[in-house]
């Protein structure tokens, strides 16, 4: 069972243009500092948050209970001009967990509803002992092939295309949620996938977007340990030329 | 003439796995704090930086000279475990400016070359009086249509698809560099575009990705003022139902 | 039994002037960001850290074990150009706990020893169930008497004088460690003090430094709850005109 | 002529306890992040800000005009749950400049007046070409004598005592404003002082508080350059055994 938390800045769109549009540099600074803070805090619980759209962030939170979420929420309100609502889902697949979380939040009101503030929903956190699987993908020889050869923007377009292809495939075929995490890296929170399924994802992206990937995967009670195992698997791929390593 | 700065974290990929992989939460926190700092600092010069791939960031920097860049570079080294190299281009189009900047940096060495540290290249900053055009796109009724209706991930996939389509079109057809800036917003640093060209971009994305956009645009000696005019244009679109407003 | 952690930036003095003096604004930014990060992280464990001298910080850490400290230490190294050593003491009084922690750290090497890096010492964390007492002092009518009447610097001198007097008295007479936390506030980590002892401290400061204080105090398994009770006690003082309230 | 800016968080005291007391860890994080941001931003203008009491900060701002201050103020409001008022003074001595700034701000309303928000006062910025003198003091052999020998708190008390003595002397005798900046360092924004006056300050502190200091001083159009010269002077002291070096 995997636990997913959807985090949404309350009424953020209207706030950014009220009473008049706010400077873009301030908004960029605000959004990335808020995400960094959440990453640091969720990290101290052994969890991982992804920036996604910045106004909507998604976290994998096995091991965090409702009180832990409340504390994070209160800390945001105490230090930012905006507040966040959160919704927790716990299901067999990341997709179902996120669908549950989204539905709870939408039922509570619109993302642009002034009245909907600091909701904490879903409430059914996973139990101790439930584990999450994390897969960490990167692009083969990204620096040699792209960063040092193509101009910065063509590299970016190429990597984005591979990422979009992977994200959509994993979501629709494997009920898994994938996130760009910088550089040429994508992290997927997955349902229980084996070598065959992960290889299938890699081959799909190679055919559709002409981007060659490799992947490591791990499973643990804390997302952090699962992520660390996935990274070690990816290092094994680098050393041995494997395309998939599951620890 | 538009001035573009390419910012690259030196030898970042190898650093993230040496001597062994570093915790993902720490890397996410580091990357987003570094970007936030750059956004704040470039912002105090009236400029804008985009997170792009986080290890490679792109900024529009009309009004900042080489000394200003040096100070930013030194401040990063004084406060982070990594350093950054920067390369400046000034040309008629964002595309040409970025191509110049990329070429200078690639000539100086690989992004994963241990010896290439804190380079500051390009050197030909634009002149006082040169202006940049900024266009700010967002999705029509994104909250009503997507955020409050679709689950969080399908919204994200849909918006990403529109963004990828816009980014590629603007780059190839209009020599302009576009960046996702959170929510349903994309900012383009553009060559001198009129209503016809901007409408062309919107129609292309509608046909290819079924995402309906609107756009405001502005031009000024500082990217910040151009960006603010673009936002005001976008507010005009919201009020009047226009698809393109150029201030 | 109270648990105190001494945190020391490794070899910081030499680093600030090597190879040549670093800009003061960068050092101030670095120090205060590092402290803020530690405050946020220790806070997520229900603990409190004080900036003290910035290169040496002191925390009250009941409830955090050695592994929790290791994770904080690793996170600092992953995100800053400097590392920290830590030393833990658990004793009946904050003074004895801090003396133990200091002694362990000094035995491991000088604060300016290049070889002494990322030590984690002391190791004897308190047990679950041990509690800490926190007292929160502030100045009576500070805003009316000082901030709005005196110039900014004379207010500052006056408040500092009261603070120095309190800090020294609490340390020498009551084996308690006191910290300026901004505004007109001082927080003491205390041995088990009653109304008589706290009133004694207030009267001492009034006689020696002509600053009138009031104080709330609380005791709990987590420093955060003890601190919150102390604040509530202080609010009671404000409302009822009491000088000491112990919850 | 030296330019001093007083920065005051609006209505901060009441905010910290409304509707009920906020967690101390959040307040500490908020205050130190706000100070870090101001230090970074003022730093990008070549200026210096001191944390002072955190709710009241003092900056030396030669080279920043009223518009620059407005931008900083707006950026704070865009990213924090609190706003700041600022007041600028420009006079022959830091003391007079700060007295002017304080008086303007007090005239506008109390620090705890809900109606007084985001004031920007004083308005008479210094002219281009005006210079500021900065003196940088530290304690002789602080690490050997105190940090590695005394326990952490006795070191802290000893250094604080020297600092309090210096701060008061410089303010009353020399119309200069001094600030603890971490470790064993104090920075003074001074009126035009020569070797005799600086030596007088050192001797006063040695007699009154038994703390031996040395000092470097510099003067420039930007506080940053003056501060850098002061640091270089201090390094000269270290190498040559001098007690005062003025560049």
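Every chain is named by a letter (A, B, C and D) in the order it is written, and numbering of its residues begins at 1.
The rule is simple: a residue touches a chain if its C-beta (ideal position, glycine included) is under 8 Å from a C-beta of that chain, and two chains touch if they have at least 3 such contacts.
This is a predicted model, so every value here is computed, not measured.
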Counterpart interface for B-C, drawn from B-D, A-D or C-D and sharing over half of its contact pairs: A-D
More contacts between chains, A-D or A-B: A-B
For chain A paired with chain B, centre-to-centre distance based on mean C-alpha positions, whole Å: 21
Between chain C and chain A, distance of the C-alpha-averaged centres to the nearest whole Å: 36
Separation of mean Cα positions, chain D and chain A [Å, integer]: 42
Chain A, residues touching no fewer than two other chains: 23, 25-27, 29, 33, 40, 43, 75
Complex contacts: residues of chain D adjacent to chain B: 37, 40-41, 43-45, 71-72, 75
Contact footprint of chain D on chain C as seen in their complex: 6, 12-13, 17, 20-21, 23-29, 31-33, 35-36, 39-40, 42-43, 47-56, 58, 95, 98-99, 101-103, 106, 110-112, 142-144, 147-149, 151-157, 159-161, 164, 167-168, 171, 177, 181-184, 187, 224, 227-228, 231-232, 234-235
Touching residues on chain C, where the partner in the complex is chain B: 22-23, 25-27, 29-30, 33, 74-75, 77-81
